[in-house]
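To keep things simple, chains are lettered A, B, C and D as they appear, and every chain counts its residues starting from 1.
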Amino acid sequence: MRNITFTQIIRETLEAELTRDETIFLMGEDIGVYGGPFGASRGLLEKFGSERIRDTPISEQAITGIAIGAAVAGQRPIIEIMFMDFITLAVDQMVNMAAKLHPIYGQNCPLVLRTTPGAGRGYGATHSQSLERIFCGIPGIKIAAPSNARDGSALLQTAIRDNNPVLFLEHKLLYPMRFEVDDKLPEPTPFGYAKITREGEDLTIIAWSYMSVLALQAAAKLSNDDIEAEVIDLRTLAPLDIDTIIESVKSTGRVMIIEEGPLTGGFAGEIAAQITEQAFEYLDYPVKRLAGDDLPIPSAKSLELNCIPSVATITKAASDLALAD
Amino acid sequence: MRNITFTQIIRETLEAELTRDETIFLMGEDIGVYGGPFGASRGLLEKFGSERIRDTPISEQAITGIAIGAAVAGQRPIIEIMFMDFITLAVDQMVNMAAKLHPIYGQNCPLVLRTTPGAGRGYGATHSQSLERIFCGIPGIKIAAPSNARDGSALLQTAIRDNNPVLFLEHKLLYPMRFEVDDKLPEPTPFGYAKITREGEDLTIIAWSYMSVLALQAAAKLSNDDIEAEVIDLRTLAPLDIDTIIESVKSTGRVMIIEEGPLTGGFAGEIAAQITEQAFEYLDYPVKRLAGDDLPIPSAKSLELNCIPSVATITKAASDLALAD
Amino acid sequence: MLLKAAYNQMLLIRYFEESIERLFLEGRVMGTAHTCIGQEAVSVGVATALQPQDAMTTTHRGHGHFLARGAEPAKAMAELFGKSIGYSKGRGGSQMMMAPEMGFYGSNGITGGSIPFATGIALDASIRKTDRVSACMFGDGASNQGVFHETLNMAALWKLPVLYIVENNGYAMSTSTDQGLANPCIADRAKAYNIPGVTINGNDFEEVYNCVQQYAEAARQGEGPALIECMTYRLSGHSRGDPRVYRTREEEQEAWKRDPVKTMEKQLLERKVLTAAQIEEVQQKTTAIIDKAIITCENAPPASAAEFQNSLFAE
Amino acid sequence: MLLKAAYNQMLLIRYFEESIERLFLEGRVMGTAHTCIGQEAVSVGVATALQPQDAMTTTHRGHGHFLARGAEPAKAMAELFGKSIGYSKGRGGSQMMMAPEMGFYGSNGITGGSIPFATGIALDASIRKTDRVSACMFGDGASNQGVFHETLNMAALWKLPVLYIVENNGYAMSTSTDQGLANPCIADRAKAYNIPGVTINGNDFEEVYNCVQQYAEAARQGEGPALIECMTYRLSGHSRGDPRVYRTREEEQEAWKRDPVKTMEKQLLERKVLTAAQIEEVQQKTTAIIDKAIITCENAPPASAAEFQNSLFAE
C-alpha cells in the first residue's frame, strides 16, 4: 500500500497505458513540458516524446475533431480540455460527430476526453462549472466521474480501452487529495457499476465525482448522530447503475442525490425520475436533490462555497430527511 | 379571425417588432433573400434592408458572439441558427458569455436565438435533434417553446422585449401547420405561464413545442374512450410554471410528461423530479415520462417516427396510466 | 484511358444526381439531398489522383465524391430510400455515409465538420508513417467556419498529409462568395498557415487531377498540407425545391456553357478518344446502371429497426 | 505630456501587477490572476490612442488594459479580494470585470471570447453610426481559436470599426508561438480577410500609440478593421506559481533588457521630460496609490450573498 495523490495515480495510469498500447496518445493544451494545469501529465513528454504527448494550439474544437478522426482511423487518442467550461467549444464535435459514429456510420470511436469540472478554487464563473449535464442527455457518449484514486485509475483504464467516446471527469479538488492505494495499479473497472462506499439503513445518499467525497464525510458525521447513511458513488453516469440504486432505495426508503452543478436541469433530476419510476412504492419520502444554486459560480471565496453543496448542507439535509416522519 | 401558418405568424411578428423598435435586427445564415430554410423571414429583407436583415457567413460561433456584444452595447439582436443541431457551435458563447453577463458582469443581454428543433422530415441525425436540454441546465438562459401560432407570436414578442438571452424554439413541423388566429397579432405573453390546453380529471399530460400538438390529438382520442386528460402546454421551459403543473397533478394524481428528445438526461426528468418533490402524496402513480429513444434520429422514414413519441404511443401510454389501478 | 474512365465517372455522377432530383420530384425518396451537378470534374479529378490507401472526406454535397471514390450507386442511393442495403443501413441518409474500406471517410451534415475529421485521419497516417494522404473536400461556405482555421493551423504545424480541397461553387446556399468572404480568394487563406494555396479551374478534370496529384505526392513526401481552391459552379439548386431566387437564370445559362460534362465530351471528340457513337454508348450504359440502382433500392428491405435499436455503442 | 502621462500609467500597471503577485504569495488574495508585467506599453499605447467614446475588451490578462482605460485600482483589485466594491461586486474575479461607463467592455476568461464580443460592440457602433471604435485586445494563443477567423471575416465583410490588437508575448501559457502557430507572424493572417495587418514593437509606447491612432482614425472613417500585432514579452509567469519550465532564465534576462518601463524611463531622461528625481517622485506616488488600494480592499465589505442570489436575470 502507499499514499499518493489523485494527480499521481492519473499520471501513472496514463504512463502505464501509453506503455501498453502504442496507438494511445495524449493531445491537449500545455500538457507537455507544463504537464497540464494540475500536473496530471507531468513527466510524460520526457518519456514518450512530443509525438505521443502532443501540445496543441488553443483550438478546442479542432483538438476534439482531429482526435475523433484519428480514433476512427485506428488510434486511441486521449484529449485533455483544460477546464470543463471549455468543452462548450467541443460540443458540436462530440454531439454531431463522436456520438453519431457508431449508431449512424457504424464506426468505432475510441476517444477519451479528460477534463476538470468543479468549483472551490476561486477561479470564477468560466473556470468552475460542472457541465456533465450537457452530455448526460446525448446518447452515444459515456461518462465516468471517479471520486478517488483507485477508481480514477481503474475507470481511466476502462475509458481508454472502450471503443466509444468517453467523457472522463477529474474534479480539480481531487487532484491534490491523497489516497491509500495498492502498490500496483488496479485492474480496469467495468463501466456501469456504482460502488456502495458506506452501508447504512436510514437513507441512501447518491453522488459522483468530488461530491462523493463530501457525501462520505457527511455520512461519518451523521453516524455520530446515529443516522446510518448508505452512500452510493456512481462512478459512471452513462451507463448509470440504476439497479444498485434501486436496491438500496428499496431497503432505506429515503434517498438524496447530491450534485455540484445547479439544481435545475442537472443529472440529479434524471436519477430522481428513474428512482421514482422504479421504486415508487418503496419511497417513504420523495427523492430529495441537493445541488448547486441556479447561479453561475462566483469567484469570491465567501460566496463560492455557499453556492454548492458542502459537508454541512449535506449533513443537514440528510439528517432532515432521515428524521422526518 | 383568419387561418394562417406558423411560419406566417412568425414572419408577421418579426415584421411588427422590427417596425416597432429600430434597435432590433435579424442576423443569420440565408435569412435574407432566401428567407431562412423554412421561409420564416421571407420578405423582410425587401422591407428592412440588409443592415437589419443581415445575412452572415456560416459562422455560428461568431454570429452568436457578435450578437451578444451588440446586445450589451444596446441593440436587440435576433439571431437564427438554421437547425437546432448547430447550436452546439454556439454553446460556448451562450454558456460562458450570454448566461454570465447579468449575474457576473451586471449587464443586460437582450438577445433572442431562434432555432428549429425536431425530427419528422427525414433530415437525419444532425438535422433533427431536440437539444433544449443543453440549455435547460444553464442558469441565465430563458427558453420558450411554443406549440401554436398565437403563442408563437405572443412569446416571440416577449422574448424580443426581454433583457436576457432567450432561446426560442420553432419546431420544424409547426411551420407549415395552420392555425385560427385573430386578425391582429396577440399581446405579448409573460414567460413562466403554462397553458392548460384541455381540461380533464383522469390524468395530466405535460408537453411543449410540437409534442403539445400530439398531446392534444392523443387527448381527443382518449376522450373517445372516456379518458379525460388534462393537457398542459408549458410554453416556456425556463422559467418553468411548476405551480400550474402541481395544481393539475394534485387534482388528477396521475401525470405523464412527453419529450421529443431522448429519454435519458432530458428536461422531462427535471419536471418529474420537481413534481415528485412537490406533490408526492398526491401521486397515485409515479410520474411517467414518454420520450424519444436513447438513440440518434435516423433518416429512414420507417425508423424515424418510431424513435420519438407519436399520437399512438402517447395515447397508449396515457391510457395505460389512466386505467392502471 | 484516363480521360475515358474519367468521363465514365463524371457521367455516372451526373446521371445519379439527375435521378435523385427526379426521385424527389416524384416523391419516391424523402428527406434531403444536395446534388453536385456542374461539379463532377472536381470529384473525378480528385478521386483519380488519389491512391487506394488514401482517405477522402466530404460534406452534405458528397454523392459525386463518393461515387468517384468507388461507391456502388445502389448502396449510396439506398440511403435516400431508407433501405437496409445503404452504406449506413438506411439510417444516415445522403449526408451521413461512410465506407472506410474504400477510403471514403464520410459525408457530413455539419458544414465544416469534415475538416478536422479528415485531419485526424492524416494524423493517424503521420503517426503510423503510412503513405496515406487524406483529401478533405468542402465548400466555400465551410471555409468560414472557425474549425477551418483551427485545423489548418494544426495540420500545417504538424505537416500532416492532408489536402484541403475547397469547391468554390460561388454560393453557400443563397450566399454568394462576395457576401460570405471578405476576401473571395480562398486560396489566399493558405498564407496564414504557411502552406501552399492555389486556385484552379475545377471544371477541368485534367487540371484538377494534375494539381491534386502534385500536392498529394508532396504530402506523401512529408511536405505537409496544401489548400486547393477549385473554381466551379453548382448548376443545380442548393437542395430540392430551391427556387434559386439569389441568382439569375442568365447567370446560370452562362454557367451551363462551362458544364464540365459537356466540356469533357467535346475534349473526347476533339482528341479522338471517343466517337460520338461511343459517347452515346457510355450514356446508355450509364443510364442502365442508374435505372438498375433504382430498382435495386426499391426492392431492398427497409432499414432494420431491431438492428438500429442495438447500435448505439460499439463493443 | 503624453509621455509623462503614459509613464504614470505604465508604472501604475507595473506596481499593480507586482502587488498582485505579492498578495498571492502572501495568501492575502485567492483564485487566479494573470499579470502583464512587461506588456505595459501595449496597454497604455492603445488606451492613449482611444477616445472616450471608444470601447475596449480584453482577456484573462486584462489588468493593464483596464487600468490604462481608467479603472480605479482599488475597484479592480477588489475583485481579487472578493469584495463588494469590485467592478463585478466581487463575483467576477480578475477575469470577469466590466465597466461600460468607461468604455471598458470586459476581461474574459475564455481565450478568444472577447473577439466576437468586441466586434458586436463595433456592429452596434456601425448600426448607430456613432464614431466609436472598438479595440479588441487578445493574445497570440487566442489567435488560434476558430472564432478569431469567423469574426475577422465578418468584421471585414461589414467594414466594422474594430481593431484587433494582438499582444504577441511569445507564449500562450507554456506554448511558444513557434509551437502554436504554423506561421508565427500573426499579422499575416490579415490577408485572408483583405484587411491591413501590421507588426509593431509592443514595448515602445509611442509606436503602439501612433499605430493604433492611425488605424482607429481609419476605422472611424469607415475603412473597417485592422489587425495590429504588438511584439512584446510576458516577463511574469503565466499565472501565479508558474515555474516557467518552458523557457530559460537567460531568455528572460534578455527580455528584461527590453523592459518597457525601464525603456520609457530612459527615454524620459534622455528627452529631458523628467529628471531622475521626478521619476522617483512618480514611483513614490504610485506606490502610495497601490498601498492605498490594498488597504481600501482589505477594509471593504465582502461580496454580498443576498444581492448575488437575486442577480441571475435582468429586469
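Just so we're on the same page, contacts are C-beta pairs under 8 Å (C-beta built on N, C-alpha and C of every residue); 3 or more make two chains touch, one makes a residue touch a chain.
Not measured: the values here are computed from a predicted model.
Asker: Moving only between chains that touch, what is the shortest number of steps from chain A to chain C?
Answerer: The least step count works out to 1.
Asker: Which chain maximises the distance between its CA centroid and that of chain D?
Answerer: It is C whose centre lies farthest from that of chain D.
Asker: Using CA atom averages as chain centres, what separation in Å is found between chain A and chain D?
Answerer: The mean C-alpha positions of chain A and chain D differ by 36 Å.
Asker: Indicate the whole-number Å distance between the mean C-alpha point of chain B and the mean C-alpha point of chain D.
Answerer: Distance between chain centres, rounded to whole Å: 41 Å.
Asker: Where the centres are mean C-alpha positions, what is the separation of chain C from chain D, in Å?
Answerer: Computed from C-alpha means, the inter-chain centre distance equals 45 Å.
Asker: If a residue has to touch 2 or more other chains to count, which residues of chain A qualify?
Answerer: 57, 59, 61-62, 85-86, 92, 96, 100, 103-104, 124-126, 139-140, 293-295, 298 - these are the residues of chain A that touch more than one other chain.
Asker: What are the residues of chain C that contact at least two other chains?
Answerer: Within chain C, residues 91-92, 96, 108-110, 113, 144-147, 150, 153-154, 157, 179-181, 308, 311-312 contact more than one other chain.
Asker: When you draw the chains as points and link the ones that touch, which shape shows up: line, ring, star, complete, or other?
Answerer: complete
Asker: Of all residues in chain D, which touch chain C in the complex?
Answerer: Against chain C, chain D makes touches at 144-150, 152-154, 156-157, 179-183, 188-189, 191-195.
Asker: Please name which positions on chain C make contact with chain B in the complex.
Answerer: Contact set of chain C toward chain B: 30-32, 79, 82-83, 90-96, 108-113, 141-142, 144-146, 172-175, 179-181, 245-246, 302-303, 305, 308-309, 311-312.
Asker: Once bound in the complex, which stretches of chain B touch chain A?
Answerer: 85-86, 88-89, 91-92, 95-96, 99-100, 103-104, 124-126, 129, 131, 133-140, 238, 240, 261-262, 264-270, 272-274, 276-277, 280, 283, 285-289, 293-296, 298
Asker: List the residues on chain B that touch chain D in their complex, please.
Answerer: Per the stated touch rule, the residues are 25, 51, 56-57, 59, 61-75, 77, 92-93, 96-97, 100, 102-109, 139-140, 142, 163-164.
Asker: Quick check on the complex: what are the chain B residues that touch chain C?
Answerer: Listed in rising order, the residues of chain B that touch chain C are 29-30, 32-34, 55, 57-59, 61-62, 85-86, 121-127, 293-295, 298-303, 306.
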